[in-house]
Amino acid sequence: MALTSFIEEPKFDVYRERFAEHFILEREDGILVARMHTGGDVAVWGLELHRALGQLFKTVAADPENEVLILTGTGDYWLRDIDSESFNAVEKDESTFRREGYFQWYRDGMKLQENIIWDVDIPTISAINGPGFHSEFALLHDITICTDDTRLVEPHYHVGLAPGDALYLVLQELIGYKRANYAMYTAQNITAEQALEWGLVNEVVAREDLVDRARSLAEMIIRTQPNPIVRRLTSRIVKRRWRRLLTDDFEMHFGHEMWGTMVHRQDHGEMDTRAALNEG
Amino acid sequence: MALTSFIEEPKFDVYRERFAEHFILEREDGILVARMHTGGDVAVWGLELHRALGQLFKTVAADPENEVLILTGTGDYWLRDIDSESFNAVEKDESTFRREGYFQWYRDGMKLQENIIWDVDIPTISAINGPGFHSEFALLHDITICTDDTRLVEPHYHVGLAPGDALYLVLQELIGYKRANYAMYTAQNITAEQALEWGLVNEVVAREDLVDRARSLAEMIIRTQPNPIVRRLTSRIVKRRWRRLLTDDFEMHFGHEMWGTMVHRQDHGEMDTRAALNEG
Amino acid sequence: MALTSFIEEPKFDVYRERFAEHFILEREDGILVARMHTGGDVAVWGLELHRALGQLFKTVAADPENEVLILTGTGDYWLRDIDSESFNAVEKDESTFRREGYFQWYRDGMKLQENIIWDVDIPTISAINGPGFHSEFALLHDITICTDDTRLVEPHYHVGLAPGDALYLVLQELIGYKRANYAMYTAQNITAEQALEWGLVNEVVAREDLVDRARSLAEMIIRTQPNPIVRRLTSRIVKRRWRRLLTDDFEMHFGHEMWGTMVHRQDHGEMDTRAALNEG
Amino acid sequence: MALTSFIEEPKFDVYRERFAEHFILEREDGILVARMHTGGDVAVWGLELHRALGQLFKTVAADPENEVLILTGTGDYWLRDIDSESFNAVEKDESTFRREGYFQWYRDGMKLQENIIWDVDIPTISAINGPGFHSEFALLHDITICTDDTRLVEPHYHVGLAPGDALYLVLQELIGYKRANYAMYTAQNITAEQALEWGLVNEVVAREDLVDRARSLAEMIIRTQPNPIVRRLTSRIVKRRWRRLLTDDFEMHFGHEMWGTMVHRQDHGEMDTRAALNEG
Amino acid sequence: MALTSFIEEPKFDVYRERFAEHFILEREDGILVARMHTGGDVAVWGLELHRALGQLFKTVAADPENEVLILTGTGDYWLRDIDSESFNAVEKDESTFRREGYFQWYRDGMKLQENIIWDVDIPTISAINGPGFHSEFALLHDITICTDDTRLVEPHYHVGLAPGDALYLVLQELIGYKRANYAMYTAQNITAEQALEWGLVNEVVAREDLVDRARSLAEMIIRTQPNPIVRRLTSRIVKRRWRRLLTDDFEMHFGHEMWGTMVHRQDHGEMDTRAALNEG
Amino acid sequence: MALTSFIEEPKFDVYRERFAEHFILEREDGILVARMHTGGDVAVWGLELHRALGQLFKTVAADPENEVLILTGTGDYWLRDIDSESFNAVEKDESTFRREGYFQWYRDGMKLQENIIWDVDIPTISAINGPGFHSEFALLHDITICTDDTRLVEPHYHVGLAPGDALYLVLQELIGYKRANYAMYTAQNITAEQALEWGLVNEVVAREDLVDRARSLAEMIIRTQPNPIVRRLTSRIVKRRWRRLLTDDFEMHFGHEMWGTMVHRQDHGEMDTRAALNEG
């Protein structure tokens, strides 16, 4: 017998409860579907969800019983609104912001993107269920499908921030520098049709079929390659270039965005994300 | 009081005059429009303009009162002809060419591309006013719009040169290796329509509306992000990957082109750039 | 007179014979056409051809009388079937596989891709003559044309392998991560039309015109740039980014694929490549 | 009030207990000292400790009350022996090894190194308390001090493994390629004196003073830079190049080592690590 | 005659005057000696000199009559004191600091390092005339010699800043990560002897011989390689890896330092640089 | 039976004869000792040997019966003299030089370095038998030992060339930028003692013991790791960073050197390599 024991990681039943406030988790035959929500309805963007996403990816990755991850949202939007009170807790005064900006924006924001790419070593599918901002962690999934009314927007510049939290970087890679620059400077709403044409998403499907289609892709991925280790080796190959790109550029981007928040204080409570989604 | 004083950089009124032979410079509300010309008409490509572009970018960058740069040309062409006499001064004899090839082709050519990417830290828009060669410094602007009759050509290979001065490198990045290779080997005239479809330009507009549209984009860029420092941080993020790409590959490309000019002396006076533009 | 003599490399007449079992080689005016075949008919994929391709590229590269390389196949398919017996010789028992997997899969597979990019320093054109797998060494040619019935498939994942032998890596670069992921996970048959739209091939032509069109491109390439050294310098510039990409990522990819073959032994004799080509 | 709550990470008192089997954790004024042990004595290397290190680094990183991390060992050796039974559980049969080799060697081994560099964002000091193998996670700390009888050895090659688990890579960077190659091929015992001369460690101190000296460095680090955010920004700058190096090369190294374990099965129970430490 | 004329760059006699407040410039046989000073005595570090250095490098580079650059200081110190009033002008209030921090710290600081590496294309020699901070632009010269009482210190961490302005990055490369980390966290005074042993400087000479020795090296460099173009090509090869390193990492470092200045406002007037030089 | 046969590579007995004019090849127990010579005496550097080295490395790599490569020279010098007539054949007239400079300098020179790093996948040991130039292909071996009278010199700059053929690049990596710069600009004779101290060589031994010591290292390398595939995987890990470094920088270096040869024609017949070795 070994001299010592392993420090075990949480099992599904435990972490399903732990994450319940932010995600509805279901798992069947190794396919884990994680659905973001806030109070059971469309997810509202707050620092709690921002952190929970990175925590979720890390937790999912540590459980070898997960074989494919599907991430989706609730209702008609990926993300439409901001939880002003959530951000106010950090932005309320200068001294809190100086400290918590590091922990809650930068550190949590780094782990949000890094964990889906460095830790999660299984095939991943995002199913974007409608218009929204902060789509970069969806786009960092191996395969992305979306509803036909989906619109993706990079709103940082228009709400007072330098675009350093990875969405712009992901767009640069996936649709090319010029399109990404234009989308970012103009807060362009990229439609599902454009996203498909530009290679940003893989399929456009009706909302009612979205999760079923994602599941059916996941089943095919498991069926055609039954060995779980080969699936993981494949996943590592798939995410290799993202690791190189994020390592080379992400912290330069994010450091400059953070510096910018100190130069030009913005107030998330005042940000009009609906206007950025042309829904003002 | 500080012990010493700053060595000041030139002000707008001074450098507007300094560059007048090559550019019409106008500035309003921080938007600097630089229009290339030769004798008031379509710009003719000579070593003087080649150097002046790099000098202009450096000068524009050093003046904190510039907030957006718009670069455009005069008349119906971006660049159509070569100033043979200009090149003859360098190519006239072997010994002059060996020395001045380094200074006037390589060094000025490096700074031409580097200064727009390393020094200019504000949003940049190029407005390509018609068919032309040497479009890489236009394509290195953050956003590019062009007229509907624009055709872009990479003519190096067809006029006797290895394609190392950055245009081919920029095309590789923006339209992919295979398209760039084909365009380069065949001196393909890429039309405005193709350029738009391939993500090389952002908008195609009628010539008479070109500069107005560029200005209107510039105004939007300033209006939506009023803080000049956040605009600069954004600009640095935008140009980050160009810095990496140019550092990694540009001097390999350019060094090999220069070596090639010594192996196979070409004569700019003999180059038929109109033929390359299918206008022979 | 020099103190010693050169160790000469083989001449065309010699290596034409040496490679005859795998390639029909013809050379006219410096344009070398290499046509893969097996017994005069559609090439069948075996370890012998796998090695011969790398050997061919190295040999072609060492002969300064070659000026453009055209690679094509025989009949209606690029590659449709696997020579089971060829793979069985390596896969027959565990101990042989452990040793020969290194030499015949990994080492030969590395040189296959490396030699076309590092050694061949002339313009290269691939003419894909129909549907097939293992198209990455075709896609690594500078220019690629294909027949209108061509379909390209990345079948590794579906036949039990992690996709590490460069095809997936080449697709990532040429059609973007998301499209490449989807094509790989689903063994998508990319049609000639899609390949053209996505910038994977440069021209789609009828099968009967395929090699003539390739030759005509090759002649144009020689005619417009008559200096053989400038052509070679151009070729080196063209292949520069492939060298960087392959160096950075290829051996990570391939090492993981090889590890995977030890974890999940697959049997090439059992692989249904026709099914992957939707021709089961 | 925010709409949702944070998913909290464990507090010190909780994780001190959780890790007690592998580490004695003490914290004073933000300085966390983690001492590896097995049953209270010299740490014995098993897969449980291998995983626990990565888990520890991640946990330490998630607690903002940690300000400096000191890692050390127990007794007269850093690591001297292997827990054969621990490895046997994975190596007992081919099928277990194929699966668990991925999870327990590769995945845990990646996170071991990545978590100290990507997640831990505070200054780190390792205090190597005597001779040992597997010193790479010590050397990845910002500062390293060691006892005067310390000897560091890279034993992989001599016990039947390709040296891909990061120790050789770390040595390549810290002492140069040639010295690292020689040390690896010959299983050289690098002495404390050599380590100091070659820039591998920063100070050599007597064993009885080791932890006190580490503490005193940690106190100085906190005292001279009282702002916890500036300390974290500094830490991120410090670890930047490790992130680039590990991203570029580590998974190529490790994938090849793993492949090698399938080609040439070794048996940890048979490995004579004392011989590698010249203590056979 | 060419259609247009060159926009000329300033000649030596002009820029010698322009820079006189910060540098004594002398040129003989193409060897330009630039001696930093403040009021004729030991240079005092202010934002004016900080900017002037980058301006000087750019100006020197643009004059093809310069063949070797020697940079040195005045008196017994490289840099010992800070011009508090100079920094106060930027740090006096929050709003000035937010704006001018970008322009005077970050932008000028980037150009300071970039111009010596990207623009100056001739051999460069620094002659460090005594103890000092901010030695990175000296160390970025091709060859460095110093006096026997020289001590080099990286004081950022100890005066309240994250070490992102290139000195720490240069040390990481030249003396290795571990030594650089230790030197930075402890504000170690690296002596001339250590600097020589660690490959940080090339020769240690008596102060009275310092500039003569630098001149004699410069003369040798010109004499042995009389062709000015080959000298410039050599210089470009020499500085290649600095360009790659600075591009990859410098702006990440500096962005994080700048962010840190907003989190933890420091006051240059309060900084005790003499204490950092152990001369308090 | 497989449908086709392998195109076989030459066996030892055949290539021993083929290379006899340039190398004495002996093989025992898989250890191949290759001894450079010219007419049985100290090797004289000519273009024939320059090419033969690359050819040798490629040939050795293709024969799976080679397990360790030892490279050494004949007599008291590694390389002392140049075969003027050999170089004259290329340099005799401008037009020959323009063409053959590409083939015989650049292409052969690239393959010389690339083949030892990309193709040779077994452990390699160089045994430098005395003073000499062109030591980079020795230093690119995994382990290097040398005689106590060895002196290594980088003479390019002093004989009229930009230092782009890899020796300077190898020195930059192995002894650091500053030492490499100084050695290059001053044609420093690095002694065996310095080489050992700076980590450039691994052991210094008496000339009469040199090859025996290399053999004994080779035997140890085979004995301690009996599996030939694990040795090859180890070799690939060992050479990984050289592949990255050479890919990133070597062709930039070499292209600039070649351009320089066209700017400033040098005459190998006139080069005084003995003077560079302080033996004039």
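In this document, chain identifiers A, B, C, D, E and F correspond to the written order of the chains, with residue numbering beginning at 1 in each.
What we mean here is this: a residue touches a chain if its C-beta (ideal position, glycine included) is under 8 Å from a C-beta of that chain, and two chains touch if they have at least 3 such contacts.
For reference, the UniProt names are A, B, C, D, E, F = Enoyl-CoA hydratase/isomerase family protein.
Keep in mind it's a predicted model, so treat the numbers as computed, not measured.
The minimal number of chain-to-chain contact steps leading from subunit B to subunit F is 1. Interface comparison, A-C against C-F: more C-beta pairs in contact at C-F.
For the touching copies subunit D and subunit E, the fraction of interface residue numbers used by both falls below half; the interface is of the different-residue type. Comparing the centres of all chains, each the average of its CA atoms, the largest separation from subunit D belongs to B.
Distance between chain centres (mean CA atoms), subunit B to subunit E: 31 Å.
Distance between subunit C and subunit D, defined via averaged C-alpha coordinates, is recorded as 43 Å.
Averaging Cα coordinates per chain places subunit A and subunit B 37 Å apart. Note: centroid distance subunit A to subunit F, computed from Cα atoms, is 51 Å.
Among the residues of subunit C, those in touch with two or more other chains are 98-99, 102, 229, 233, 236, 240, 244, 248, 251-252, 256, 259, 263-264.
Contacting chain pairs (ordered by label): A-B, A-C, A-D, A-E, B-C, B-E, B-F, C-D, C-F, D-E, D-F, E-F.
Residue ranges on subunit A touching subunit D, taken from their complex, read 1-7, 18-19, 21-22, 38-39, 44, 46-49, 51-52, 55, 58, 64, 83, 85-86, 89, 98-99, 102-103, 107, 111, 114, 118-119, 121, 228-229, 232-233, 236, 240, 243-244, 247-248, 251. Per the touch definition, subunit B reaches subunit C in the complex via residues 157-158, 160-164, 168, 172, 175-179, 181-182, 184-187, 198, 248-249, 252-253, 256-257, 259-260, 263-264.
Chain contact summary for the complex, subunit C toward subunit B: residues 123, 139, 142-144, 173-174, 199-202, 217, 220-221, 224-225, 227, 229-230, 233-234, 236-238, 240-242, 244. Those residues of subunit A lying in contact with subunit E across their complex are 98-99, 101-102, 248, 251-252, 255-256, 258-259, 262-264.
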